[in-house]
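Note that the chains are named A, B, C, D, E and F in the order they appear, and that numbering of residues resets to 1 at the start of each chain.
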Amino acid sequence: MKLITAIIKPFKLEEVRSALTDLGLQGMTVSEVKGYGRQKGHTEIYRGAEYAVNFLPKIKIEVAVTSAEVDKAVSAIATAAKTGQIGDGKIFVSAIEHTLRIRTGETDDNAL
Amino acid sequence: MKLITAIIKPFKLEEVRSALTDLGLQGMTVSEVKGYGRQKGHTEIYRGAEYAVNFLPKIKIEVAVTSAEVDKAVSAIATAAKTGQIGDGKIFVSAIEHTLRIRTGETDDNAL
Amino acid sequence: MKLITAIIKPFKLEEVRSALTDLGLQGMTVSEVKGYGRQKGHTEIYRGAEYAVNFLPKIKIEVAVTSAEVDKAVSAIATAAKTGQIGDGKIFVSAIEHTLRIRTGETDDNAL
Amino acid sequence: MKTCIRSITSVAALAAAWAMVSMTTALPALAQAAAAAPKMDSGDMAWMLTSTVIVLMMTIPGLALFYGGMVRKKNVLATVMQSFAAACLLSIVWMVVGYSIAFGDGGALNAYFGGFGKMFFAGMTKDGLFAPLLITESLFAVFQMTFAIITPALIAGAVADRMKFSSFLVFITLWLIIVYAPIAHWVWGGGFLGADGIMDFAGGTVVHINSGVAGLVAALVLGRRKGYGTENMAPHNLVYTVMGAAFLWVGWFGFNGGSAGGANDSAAMAILVTQICAAAAALAWMFAEWMTHGKPSVLGIASGAIAGLVVITPAAGFVDPKGALIMGLIGGIVCFIASTGIKRALGYDDSLDVFGIHGVGGFVGAILTGVFAVSWIGGEGKSGLLEGNAAQVWIQLYGTFATIAYCAVATFVILMVVKLFMGLRVDEQTEVEGLDARLHGETVH
Amino acid sequence: MKTCIRSITSVAALAAAWAMVSMTTALPALAQAAAAAPKMDSGDMAWMLTSTVIVLMMTIPGLALFYGGMVRKKNVLATVMQSFAAACLLSIVWMVVGYSIAFGDGGALNAYFGGFGKMFFAGMTKDGLFAPLLITESLFAVFQMTFAIITPALIAGAVADRMKFSSFLVFITLWLIIVYAPIAHWVWGGGFLGADGIMDFAGGTVVHINSGVAGLVAALVLGRRKGYGTENMAPHNLVYTVMGAAFLWVGWFGFNGGSAGGANDSAAMAILVTQICAAAAALAWMFAEWMTHGKPSVLGIASGAIAGLVVITPAAGFVDPKGALIMGLIGGIVCFIASTGIKRALGYDDSLDVFGIHGVGGFVGAILTGVFAVSWIGGEGKSGLLEGNAAQVWIQLYGTFATIAYCAVATFVILMVVKLFMGLRVDEQTEVEGLDARLHGETVH
Amino acid sequence: MKTCIRSITSVAALAAAWAMVSMTTALPALAQAAAAAPKMDSGDMAWMLTSTVIVLMMTIPGLALFYGGMVRKKNVLATVMQSFAAACLLSIVWMVVGYSIAFGDGGALNAYFGGFGKMFFAGMTKDGLFAPLLITESLFAVFQMTFAIITPALIAGAVADRMKFSSFLVFITLWLIIVYAPIAHWVWGGGFLGADGIMDFAGGTVVHINSGVAGLVAALVLGRRKGYGTENMAPHNLVYTVMGAAFLWVGWFGFNGGSAGGANDSAAMAILVTQICAAAAALAWMFAEWMTHGKPSVLGIASGAIAGLVVITPAAGFVDPKGALIMGLIGGIVCFIASTGIKRALGYDDSLDVFGIHGVGGFVGAILTGVFAVSWIGGEGKSGLLEGNAAQVWIQLYGTFATIAYCAVATFVILMVVKLFMGLRVDEQTEVEGLDARLHGETVH
């Protein structure tokens, strides 16, 4: 099994979610993060003192999938999340050794 | 060393924490996430416009443990987090290659 | 490629970021988390009811780097984040099998 | 002068009497005072000072919070900024020219327009009264200023999340001068609608129909928000909205009660019927929603309360508590339908329902005033349909349509001119990222 | 009539005099006015209009925020909704029947009950005064309406996080009719407690003991919150709570000051002692907590201020500033102990301490009024223990116990009836997930 | 007595007249009343009761929110706590001794100090008037109490994020007694500055210069916040700040309007010019920022409004609307420059710009009062430079410098004494982790 971690632009979440649902992937976990990268942040001014807001709001999606599904899932995310403009984000794939569904005790591929 | 990542229902956090403490595990990192899965969300209504809230609040727990402790820890979490109802969440185990405790510079198993 | 996950004290974020930038690392993802460990939390009292706040605010930094850069990056973070006092946090390194830059479609080392 | 006197005797609401210099019968208590040289009444002054305070509180923080809580988090500061900036800018515009147009003497054109004679409060003395009221002109001018602030500020709700701040400032300035001030003159300042006998105690037409129609026009001209209907645009913090509704509500006692012009029995009855109508409409909306959508929402009950306050505004000095109760129930349900079903059916994006609540509620209130007015409250001749005076309904209809027509056309023209010179809408990037960061350089952390 | 007059001469607080038709000695200033046909006083009208505004502000947004800030985030909207809906619903209930029971003439049963003669404000004229006050009956009725709103709304704090919204609405409706209105009649409306000489200037028994006892009963009937004592139920945003406390505080000037019935010396002294007592109690609570728990908390000082305001409520027209200072110090410490130690020891879950603050504070205030009342403030015969009138303490005790007994029994019966027909408590799932999403379909984002 | 009378005839502002026992010419209306035994005026009472309510609202919740929204999230509760605790503590200090020093009769030392004769409100009767005003002394004392609360509370903004709570309490207690009360006496209580003819209607020197200078001294003594200039210290929630600014604004109508001492033409004109000046300054700041930094910020416009309110404070009873407009424009720009460029250039860390807004604004207002005062507003002899009375500017300068000098020295000494006994600043750990958790044991969740 693999864990796909995607950092995307916040307003792309709905599109990515439905792209994954279309593939039959039923689960994912989402968190609000801040990203730092090539895309530059904006400046906030308070009574003349300027603060650079370097970190931009991003969404992190974590999806655990079977090894067979990885490629499809990655390209579905990549397509849905793409705007072609700087700051679109990254996808990382890493290995999961073991998975468990808490409710049922099912493990590994069955637990996804 | 292994990293255990558990997605659980928010109100189970205390129970999971004490189950891990009982095993002698001293550390963990917790974040608020939103989960999408078999469990369905609710609907919010604003002046007649309905919005489906697909993502439900969940808690993500990350615990790094030695390879020897993995099984005990996973089953402790699973037991504590279980309600038997849909949406209980998942546990993922993956490998950590290297660990460092910032304060002391200790590494690997000593750093946990 | 490796994923470096560092849990640090919140007010160290700026220092860690500039240490990484100095190494030429252009990207990272940051989230607000709560940590539980040796460092003890404080107690909040509300009309006589005491609640132990066991979880302390921490920052989680995730940086994907090439295998060659890992050691430099880890020690840069460790140096920047260190106060020498309890609660400084941890660094975990794990493997990434595959990386993709959504905007361009570049993969692996080129995508970092 | 003739027009003036005709206007008084026919309108005979204190509200409509404000602009008059002398009077003979309609208001016995005041008439008495007027027999001798009228003297300032410290009790009336006290209540009108207080009313001024709380009507200003309706806009800041009331409206700022009411609207601010309903937008998405990325636009909350831009939204509260609109109310706050309106309060600042329109105070000055009112001083410069608005007051003059509304309450000045327009000479030959007085039926339509108060002229420029009172620009910069020209002619105001320190202790001169605003006859026949027993309060000073300075107090009358600042009390009315708070009305001139909230009316244009209300429009912001219709264009939330997408209008340029600079264009908004220019728009409300022109709108106050070209739309609000003349219509205030028509109804309260000695103009033709007052003369024709329209009953509008505290601004059903002048304030609510006016801002509601302008909001609708603006929403149509600007177009829908990006993502409208697909993206989640749920209010980010309804606690703010409830707070805002509360300040609007308590401030409305100054709005309606202060429109009696003093601390008299008319003011007291006005706040009693205001309370009843607001409460009834809030419950009506809540139960209507509960039955149709299964849950009573916080936003619903708050919206209903505001709807009720709008409905009672023209009627506050003319109806009794039972009339107010019925008006509230009707108004709550009608505004609920307008702001939910009808809006969705028609597909326009009046973001925070300025039209559905203020436009529709103002219209319902204006007509029902013509139905429920009773002479033991409003004074002799102030009867509605239920007391057999069917003509009043027609006068109310005629007055509201005059307002709607003029307001719609003028608002449209103003918007087009602003669009031509500076554009109305923020760029897409700003809309996506949020107005707070991009227009004002600030965010809520 | 006889009862009425006896009540006045013995009570001689304006508060207690409200229901009276005429009077002879106790209140020189008013008596004078009453000699001729009494005329409306615009200054009194102005202050009572203002008081009405700010007492309403105590509930919305005051109480809504005070309570809303103390619950967990998942229940904040449901909590503010309770206050807002109470304001709407109880306004109508007051109009329909509450006012009549409280301030009507109950004929043979007048000692206990005001009858149904004033339902829907029957008999109210536009300019009729509420003698011996110099304000109109319409104003008196809406001022008292704001009291009838906040009292039941206060109970919500005891059952926060777990009561069904529908059941809450039914409960407060019945409670207003069956508990609040009769007790208001007993004390202020010509009933037996007023006649027996109880001193309750602005509602120590009627409002605070009453809501506090009802809260305790309700908390016991509903049972503890799931997770009480084990889960973290820390207030999610005490900024709201401080705001709420502030609006309660400033609004209380209308509550106590308005209970003087006009803009007179009694009103002025009432707000002075109100300020002193609130401040003293806040400091007392803060320092008590600082010494016992090591830190002065925001929740503590805010709670102490409210406790002080409760304590001074019955006394505001009877004690002098020094008395108020001592009452505040005592009240702050007693309520601190009641809301922390005692509550924990007894184990009931009065979520937001309605009993510990309003019940206990109201009781302390009622008794201490009998101790610290001085005749140079309250008028001849209005003396307390310190001026040698020990009997007053007994009258106060007797009055409070009558209130406690009736309130506790009636509240219990009402709750049981509601429970039978529709249940009182939300299901477990709702309690865990939060009332906002499940009851109202909304959350704070 | 002689000093007193001299003070009246030369100052002749009601504000300055408050402390006087009788008077002859300067105030015709009041003089008339004084001819017979003056009687309480219910309208004046009503307005002063209301003013008291809304001036208290300026501190809680106004100032609490204004400051609370500007700090980082970890310090928000500690910040609102400072305002709330100040309201509690200073009420008591005012009763014990502050009022006596400010408005008592200091005998031989009366030019500088009111003595201890009125401690604990000694000598106050229930219905005794505070001649020549037509309100009771109890009302005057509680109205002034609200001024004595907000002035020290303002200082908290300069030391936000780093002062110990215990030291803050001790500091403001001493400061009220040693700095505020005497200076209030100098200007309003029969002291030498009033006698010398300074015009300070509602507290330009007494309140704003005073708190602003004290804030600067305190900021310098405490030193900068850890991380100042490097860490992000952006305001965490400007919605709170806008709300706070709104309550400060509406409450200011009581501050300036109430300083007329009654519901008279002077009060009405005062709130009109207050509104104009606040609005003008807000716009001036906003446009200045827009032009220099490219974006109009929410914090900017709110700050500008407060600056305008400060500027008009000394002038409110002396200038006309046009003067107010110009004063606002000047004040807004000067305070903008002071709070941005100058502060940064000098490098002190006055966290929330108490000096830049209240100190500088108060100074600008005091001087411009001497320029723009016109006798048709303030009464005979109350002329400024533009009416040819250049001397007034010198009197204003002299008065402000006397205040600045005394305030700076006395504040410094008090701080040093407090530092010696208990320290002023929290430890580093507390500053890093946040004051909320470490000082008060609570956080916003």
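By definition in this document, a residue touches a chain if its C-beta (ideal position, glycine included) is under 8 Å from a C-beta of that chain, and two chains touch if they have at least 3 such contacts.
Only a predicted model underlies this, so the values are computations on that prediction, with no experimental measurement involved.
For B-D, the equivalent interface among the listed pairs A-D, A-F or C-F is A-F, as over half of the contact pairs agree by residue number.
The centroid of the Cα atoms in subunit A and the matching centroid in subunit E are 54 Å apart. If each chain is reduced to the centroid of its CA atoms, subunit A and subunit B end up 18 Å from each other. Residue positions of subunit C touching 2 or more other chains: 31, 44-46, 94-95.
Residues of subunit D in contact with at least two other chains: 41-44, 46-47, 50, 54, 234-235, 263, 293, 295, 297, 299, 441-442. The chain pairs satisfying the stated touch condition come to A-B, A-C, A-D, A-F, B-C, B-D, B-E, C-E, C-F, D-E, D-F, E-F. Chain contact summary for the complex, subunit F toward subunit E: residues 40-47, 49-50, 52-54, 56-57, 60-61, 64-65, 68, 76-77, 80-81, 84-85, 87-89, 91-92, 95, 120-121, 124-127, 135-136, 138-139, 141-142, 145, 165, 240, 263, 439-442, 444-445. Those residues of subunit B that touch subunit C in the shared complex are 3, 17, 26-31, 64, 94-103, 105, 111-112.
For subunit B in complex with subunit A, the residues that touch the partner chain are 2, 6-8, 31-38, 54-55, 58, 60, 70, 74, 77-78, 81-95. Only residues 41-44, 46-47, 50, 54, 72-73, 234-239, 242-243, 245-247, 249-250, 253-254, 257, 262-269, 271-272, 275-276, 278-280, 282-283, 286, 293-299, 301-302, 304-305, 321-322, 325, 376-377 of subunit F touch subunit D when the two sit together in their complex. The touching residues of subunit E, counted against subunit C in their complex, run 232-235, 289, 293, 295, 297, 299-300, 303, 339-341, 343-344, 353, 356.
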